[in-house]
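Got some structures for you, see below.
Two complexes, one shared chain (subunit A), two partners (subunit B, subunit C).
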Partner chain A sequence: MVDWVKLAQRSRLGRRLRLGALSVFLVAVSIPIAVPYIWMVMIAFTARRGMAETGTLWPALVVILVGLGIYGVAMLWLRRERLAIVMGVLTAFLLGLILLGQDLHLQNFRFMVNANIIDDLDGQGTVGERYPWVWEAFANSLLLASTQTVIVVTVSTLAAYYLSRFSFRGRNTFLQSLLVLQAFPAITLVIPIFLIVFWVGLLNTLYAPILVLTALELPFFIFIMKGFFDAVPWDIEMSAMTDGASRREAFWMVVLPQVRVGMIAIGVFAFIKGWEEYVFVNGLRTGESYWVMSTYLYYVREDVMGVDYGMVAAVAVLYVLPALILYLFCQKYLTQMTLGGVKG
Partner chain B sequence: MAQIELKALQKAWDDAVAVQDMNLTIQDGEFVAILGPSGCGKSTTLLMLAGLYLPTGGDILFDGTRVNEVEARHRNVGIVFQSYALYPNMSVLQNILFPTRFQQTPDAEKRAREMAEMVQINQLLERRPSQLSGGQQQRVALARALIKRPNLLLLDEPLSNLDATLRLTMRAEIRRITRDLGVTTILVTHDQLEATTMADRVVCMNAGRIEQIGRAEDLYLRPDTLFVAGFIGSPPMNLISLPHPLIEAPSIARTFGLRPEALRPAETGLPAQVTHFEPMGREVLTTVQTPLGLLRFLEAGTQPLWQVGDSLHLTHARDDAILFDGTGARIPNATALITEQGYA
Partner chain C sequence: MKATPQRFDAFLFLGPAVALMLAFFVAPIVVNILVAFSDMNQTVRFEEFPTTKQFNKLGKLDPEAFLGIELRGSFYRALALTASFVLLTLIIFNVSFALILALTTTAVPERMGAVFRAIWLLPRMSPSVVYALLWLWVVDSAERGLLNQVWLLFASEPLNLRLDHPMAVIVVANGLIGASLGMIIFTSAIRSIPEHLFNAARVDGAGPLSIVRHVILPALRWPISYITIYQALALLVSFEYIFLIMGPARSTMTMAMLSYTKTLAPGIGGGQYAYGASIALILIVVGIAVALLMWRLINMKSLLQRPRIEVN
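Showing the complex of A and B:
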């Protein structure tokens, strides 16, 4: 006779143990990823006068751990997600105020209102230099990332549609070469690209990194978009054309809405790529002709008078913010990208 | 509404001929089914009629006017695909209205509602296609194909994705609607029951060619070719290669065909041993081993009259035999008989 009750108990226990082990593993793996970001934020808000304020880092982790613990307990007891989040955040906030309250300040963010960060720090140390202004770098980064995103999304969408729907001589070779291009590390191309940009006369202009990044990113994004177009059934397009649409109208009205997810996904990736770019923005300028966020961050770090870690962290926080916001808003589209599919 | 004429129509790809030498005239308001196994060129023919494929030879005439090069959107043809090809980004009403966006349609919305009523989906107009069942999607596709009063309605395997009961209702529905509107209709299918129950005339195709055109009973009783004889009829016809010592037939005959319902048990005749039964509702299909090989015959009744292993004798009327020559064409007015020599 089989003891069903006992078997069910064993299965429940097994499932709990497996889930528990999985949770512990995931938490352990995420610690080295999450902690640096937490500390970056802490340093930005607590460090003073060029010294890294390590005293606040451990209490900060304690605060977050307690908050997470309260959230976990609340979830287990109350089983109401929103309430649990509110309780966790509230606890962390109050505890943080008690433990770290007197250490928090906004001094490290003074670069946002005053371009003259070095003079401000060390009196008359470096008179006469031209200091980069953070908002100029921010605007340039925004311009670089968004222009590049618009070009990448437009070109890869149109190219991928053509590759997906039309057969022409050399189509397969073209597709294979798209992937081969992706196999080369872009950094190996820095010198030839520098020469080309120099001869074309775009050196020290923002056009150079925009065009170069676009060219480097296109192959991969075309490939991704082709996958999305491949998933759109032919029938729908043929149906639209018998319904009276021209091919272009069918593309706009029927096909394009179905690859929207793909366009948003590659748009986000292209934007983040442009936003974080360092190699080509730094490699294609010879002086200080333009500043973007990555070069600005490097400039702040490079101070001859000793590094102001507090300010570096503060710049980093500002630098991370737009990408983070974009990511949060578009997260649900990005997860669908791996599916590469269109659901009717 | 239009009369459709195909003259020596041909479609060839680089490496294969899909349709060749196709001649067919369809009267105004007629319902014609193109029946054939997959890959016989029936869908290719349909897409040429829609204007989505360009014929490589021959002509397509609508009311006597050659339309070969007329684009799909100008042909005023309605099409329903097997997948229904609804536009997932639009509501049901928007789907039905889609064709009216490209041509002046007075009271488009009123007409869309009439169409919806005719196919009985007026409760679902605000839904998205993904929220509909297969049968409902089918009805939407039909309404969309009919809203612009097409010259010609094309149905590409429209019932294949439906379950058996729904298929039965939709067969009658589609027939009723096309008759009410008097629209010329071409149905493409591999299901002989669909073709024979819905169409005025059936066109049987194989390997890119028309094998026979006629009413369903013509194809069943007087198949022009061996292919039609084997393809039409369920259970299929018994076919035996000639000459055979047990069959008395004209010397030019190379294949002897006999429908399962033409064979019947008798006191004397061809000796047979029962190997298998398939109750089919009001009839039982019995498979027997005979000196001519495995044969099948149908017997009325819900229960088998025999048991596996039973011996019996089979006989048939001389006129029921259908004979084919070496090219596979039927020999008209020829008769044949299975003789009983040595087995009496």
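Showing the complex of A and C:
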């Protein structure tokens, strides 16, 4: 006679144990990734005397862990998501106020209002009047990332629509060469790209990284967008045209709204790429003709390292924030991208 | 029909894409090949074209030597460093650990798995300069380094990883980023396995491990081969994180690093464009070979499916 109740109990216990073990494993491997980022934020908001201190890191971790713990317990007992989040955040906030309240300050962000970052460094800077105001670099980064995003989304959407809908001589050859380019390691081309940009006279202008990044991303994005267009049934275009729309109107008013998700997804990717780019930005300028956030942080770190950690961390926080916010809000679009044509 | 179907202008739709790719993607490949056979330096002029001078700097023909080529010391070193960097990162992180992450985050409740995947995507989403900055602070050789603060709880001497274990630093630094791509691809592949296969396996008495072994892994065969090849290529040519974390250190001078530091690296780039291009050419040849190999893994039929509208 099988004792079903006991069997079910044992299986439930086994499942809980397994879940527990997996959670412990995932937490353990994720801590090394998360802690440095938390540290960076804590240095930016608490460091005084320019030192990189971990004094505030450990209390901050305690605060986060307690908040998460309260959330977990509340979820287990009350099973109400909202309430659990509110309780967790509230506890973390109060505990944070008690443990870290008097350590928090915004002094390290003073470079945001004071145009000269070197001027009021904590300690002796080794460089002269070299850096522009941080907002100049910020604006340049924004300009680079957004212009490049607009261009690459427009161009790849147009090309993908044509490749998805029309047959023309050499279409297969074109797609196959595109596939080779997509797999091609573009970063190896940094030297000839520098030479070409130099020859056409775009060196030391922001046009160069905008055009180069666009061109290098195009093959991949065209395939992504072609996948989205392929998924739009031809019938809806047909019915639009039966109702009197021209081909262009059908493309603009009927098909484009269907691939909106794809356009947002590649747009987010392109923006984050343009925002973070370092190699092609730094490689395509010879002097200090323009500053973007990546070069700004790189040289501030080089020059100020060991002098004012708090300020370096504050610059890094300012730099990383837009990319992270964009990523968090657009995550649901990114997961809808499928890798073009990989056998699954 | 009221409106006659307009003839769509290929020029309007494909033109911009073709022009951009020709100018900044195809042309650079050609230029790289030409420059590699010249002696271009800081003056940026084609000198002594054509010459194999640059390749002689890498190695010289010698019928006695292995494969008929005797490599120069620095290039041999770069080759060996590249091989160990690529293999270690690929095997430990980009494939194995990515697989472990995909398996574990899909085995826990959905929301929780998503949170852990988001954490692992953090390094990929944050700018490379920021990521490198965090590494420099964590492995700082002084006692204030985050790693040393933990290490000194158990040991008496602080670690200086960048000096003593440079390869470990660049392998882990690249691996933590590399693992996330495999994780994403494998996760979506696991998701696309029909639920009834899992149920059938459970009815047949399969435990979690044998489900992994007999249901999940067979379904991941193509994604794993794809990620292996794709990431091997990406690691072979990558130098951004190595440069940002290690600088032009000799201990981590892989081929891609050598090519970059001899030409464009800020502050130290020597402008030896032809020399850099000749190393890049080797990487490009390998890259094209691998890209062609990848064709075998791509579903050509779906890619080349007939267009939706038959207009010539």
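Following the convention adopted for this analysis, the second predicted complex is superposed on the first by the 298 of 344 C-alpha atoms of A that agree within 3 Å, B and C clash if a C-alpha of one lies under 4 Å from a C-alpha of the other, contacts with A are read in each partner's own complex, and residues count from 1 in each chain.
As a convention for this text, a contact is a pair of C-beta atoms (placed from the backbone, for glycine too) under 8 Å apart; a residue touches a chain by one contact, two chains touch by 3 or more.
Computed from a predicted model, the values in this text were never measured in an experiment.
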**OP:** Determine, under the contact definition given at the top, whether A:Met241 touches first (subunit B), second (subunit C), both, or neither.
**Re:** both
Original post:
A:Pro185 contacts which: subunit B (first), subunit C (second), both, neither?
Top reply: second
Subject >> subunit B or subunit C, by number of subunit A residues touched >> reply: C
Original post:
First (subunit B), second (subunit C), both or neither: which does A:Pro257 touch?
Top reply: first
Original post:
Who does A:Phe198 touch here: subunit B (first), subunit C (second), both, or neither?
Top reply: second
**OP:** Using the superposition on chain A described above, determine whether A:Gly287 touches subunit B (first), subunit C (second), both, or neither.
**Re:** neither
Original post:
Where does A:Gly170 make contact in the superposed view: on subunit B (first), on subunit C (second), on both, or on neither?
Top reply: neither
Original post:
Now for A:Arg301: first (subunit B), second (subunit C), both, or neither, which partner does it touch?
Top reply: second
Original post:
Overlap of the subunit B and subunit C footprints on subunit A, residue-wise?
Top reply: 241-242, 244-246, 342-344
**OP:** Write out the stretch or stretches of subunit A touching subunit C in their complex.
**Re:** 18-19, 22-23, 25-26, 29-30, 32-37, 39-40, 51-54, 57, 154-156, 158-159, 161-169, 171-172, 175-176, 179-181, 183-196, 198, 211-212, 214-216, 218-219, 222, 230, 234, 237, 241-242, 244-248, 272, 275-276, 278-279, 282-283, 293-294, 297-298, 301, 305, 309, 312, 316, 319-320, 323-324, 327, 331, 335, 338-344
Subject >> subunit B - residues contacting subunit A, complex >> reply: 47, 50-52, 71-73, 75, 77-79, 81-83, 85-89, 98-99, 101-103, 129-130, 144, 148, 154
Original post:
Which residues of subunit C touch subunit A in the complex?
Top reply: 1-3, 5-6, 8, 10, 12-14, 16-18, 20-21, 23-29, 31-32, 35, 40, 44, 101, 104-105, 107-109, 112, 116, 118-123, 125-130, 133-138, 140, 144, 146, 149, 176, 185, 188-189, 192, 208, 219, 222-223, 226, 230, 233-234, 236-240, 244, 256, 259-260, 263-264, 266, 273, 276-277, 280, 283-284, 287-288, 290-292, 294-295, 297-300, 302-312
Original post:
In the complex of these two chains, what residues of subunit A are touching subunit B?
Top reply: 233, 235-236, 238-246, 249, 253-254, 257-258, 342-344
